[in-house]
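Structure first, commentary second.
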Amino acid sequence: MVKVGRRITFNAAHRLNNPNWSEEKNTAVFGKCNSPNYHGHNYTLETWVEGVINPETGYVIDLSELKQILKEEVEEPFDHRNFNLDVPEFANLNPTAENIAKVIYEKLKPRLMQFKVVVRLYETENNFVEYTKD
Amino acid sequence: MVKVGRRITFNAAHRLNNPNWSEEKNTAVFGKCNSPNYHGHNYTLETWVEGVINPETGYVIDLSELKQILKEEVEEPFDHRNFNLDVPEFANLNPTAENIAKVIYEKLKPRLMQFKVVVRLYETENNFVEYTKD
Amino acid sequence: MVKVGRRITFNAAHRLNNPNWSEEKNTAVFGKCNSPNYHGHNYTLETWVEGVINPETGYVIDLSELKQILKEEVEEPFDHRNFNLDVPEFANLNPTAENIAKVIYEKLKPRLMQFKVVVRLYETENNFVEYTKD
Amino acid sequence: MVKVGRRITFNAAHRLNNPNWSEEKNTAVFGKCNSPNYHGHNYTLETWVEGVINPETGYVIDLSELKQILKEEVEEPFDHRNFNLDVPEFANLNPTAENIAKVIYEKLKPRLMQFKVVVRLYETENNFVEYTKD
Amino acid sequence: MVKVGRRITFNAAHRLNNPNWSEEKNTAVFGKCNSPNYHGHNYTLETWVEGVINPETGYVIDLSELKQILKEEVEEPFDHRNFNLDVPEFANLNPTAENIAKVIYEKLKPRLMQFKVVVRLYETENNFVEYTKD
Amino acid sequence: MVKVGRRITFNAAHRLNNPNWSEEKNTAVFGKCNSPNYHGHNYTLETWVEGVINPETGYVIDLSELKQILKEEVEEPFDHRNFNLDVPEFANLNPTAENIAKVIYEKLKPRLMQFKVVVRLYETENNFVEYTKD
């Protein structure tokens, strides 16, 4: 088995907030990430696809196909957007790195069913998460 | 003469827009950066200070002093903020990397008058600017 | 299950040496790392914590709690120190990257008992280790 | 158990091509990577070796031994070479990152039999693969 | 005055050779870089453009224009090519990093006449050059 | 004119201290960097050499010559050493990044007299200096 990784980047705004909590509790838990007018990140996404090497191509997956899937499922809906206001998946979901990675996994997996899929998302150079259900 | 550089990072949201233009023109010039609900970046700031080596310390500048200046002038007012909505300097100034670098230079220089100061701001790994009037 | 990673850096001096060996054998095995007056590194530590997403916060772990644990267990005792002379855990333990990672794991784990914990330590850009018992 | 990683780099030329296919199909599948006069990469190889810490050295593996193995099996045969024309393993094997990682694993493993071995190969900052049979 | 930098990457093969020299002299001077079947690199190009901030846009240069110039002058002719065999400018010019940077500068400058232009080319993480005539 | 840069790394221990000061003043000025048993860094050195392109080689400087100079003047005397105890230039000179860069410049310049030389030294990813007298 071989894993293939593809790195992409996108830029987005977000705010961490639990609408069921008081502002005091939101500030205590989320600190500056609860800043009301949003802040943002250069997100880096590594998508790892595990499978077998196709003997005809030497590829685990056709890279042009993987690029197209990442473009449609991640770059177009998320890049230069506000997670809280522009992305339907986060209408009722706090856009932490954990939840963004989970949403990305759930969007990518149906298009990569024959592979084991792992997503690693870097929010900053110091904070990152990895998500899979495979 | 010796230059000393100090790197810090901060995260902020912004939107590029000229309120005197039609939405069509804003989209044509700023593209996705004109997205109405903001997007954001992990900004990396390098501040370069040029001076002479103090023979008693071996420093060009006391690093704890430089750290404090950067904290007060850059990190506290900009980190986890929205440039367009939260930062007074951009009430009537488009928060491009060029203008953010210029504002940072103008905030830092009065506190570093005895030095030549250059600021380099990375908006992404692919886009960066350098500003000085010295 | 989701893994959350947090990167910190610290600077320390060390020397590799087995006091039960002759100086010839120490030099043969440890080379320049046996240099008697110590050398040092900018260590980079990634701490990975695996758990489930708390639906109220969207976090696997409260980041301010993880930061505090890393500060108390790693930064305060190790940063700007000499592993051989200043850190009790290495009084009789050679401070290789492997052993430093093991000691860090053993200091962090009791404070993160509900999580699977993995530590990855970069000694240089070319040498790194990963340690877990989970 | 502890994993130790060692990073090396090498530069090589290659071309992706299936000689059993028409030129049209090669171009459709491999795109620019099928360019007839070759292109090249700065490959970065991480070799991960998993074992137990030797209590006498504090090492999982003697680093000078690992360096020598990597020099003989990877750097000397691959660095500044053309995978398609100069490296016998690729005489009838397409030099994709997947296949290069597999060949490296198969060359390293017999010299590291007592360890679990994983190789990770970065072809560019955006494309990378990981291979193991352990 | 403000400088704006834009980073792009491209992959290419090359070989260093002076056809007026004996093979012995070529090997003595260029070492492994004279390997006959070419090797290659992930080149990273930073293009720095110095000018004044346009008060209407906040930009020194319209980024979409700069991207298009870099695409036409650098990416399309150089990416996934062999400098020695595929790029006319190197038919009689040794494709060292110095000469590649010079050729890139001379291709970019006529399209950026109103700006001071500097190009910095990274051949590897350890070797890089900077070229300008401005 | 063209500038050529070469990056090397070395690891060393140091301590910042002015022996003419009280321990209180040393701690006030140098903080943790005054830690008595030393700490250390992975130093990264960029050496920039400015000259003209030799038309026979396409090089500004023969890289094997530059590598040899860096090995003799920097790597051999500094790598895996303690600046305060092992390096004669710092017997009476505080080994700040500024002073290390100055010493490196003064060691390299006599061997690179026909070139303009600039050295940039990274002590950490956040602290760096640049030194030249040319």
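By letter and in written order, the chains are A, B, C, D, E and F; residue numbering begins at 1 in each of them.
The rule is simple: contacts are C-beta pairs under 8 Å (C-beta built on N, C-alpha and C of every residue); 3 or more make two chains touch, one makes a residue touch a chain.
From a predicted model like this one, the values you see are computed outputs, not experimental measurements.
Any chain bridging subunit D and subunit F, meaning touching each of them, is among C, E; the list is complete.
The minimum number of touch steps separating subunit A from subunit E is 2.
Chain copies subunit C and subunit D are related through a rotation whose angle, from the C-alpha fit, is 120° to the nearest 5.
Separation between the centroids of subunit E and subunit F, computed from CA atoms only, is 29 Å.
Separating the CA-averaged centres of subunit B and subunit D is a span of 41 Å.
Along subunit D, residues 125 each make contact with two or more other chains.
Applying the touch definition to every pair of chains gives A-B, A-C, A-D, B-E, B-F, C-D, C-F, D-E, E-F. The touching residues of subunit D, when paired with subunit E in their complex, are 9, 11-14, 32-33, 35, 37-42, 79-82, 85-86, 124-125. Of all residues in subunit E, only 16, 18, 20, 29-31, 93-99, 101-102, 125-132 touch subunit F in the complex they form. Across the interface of their complex, subunit E is touched by residues 1-8, 48, 53, 56-60, 62-64 of subunit F.
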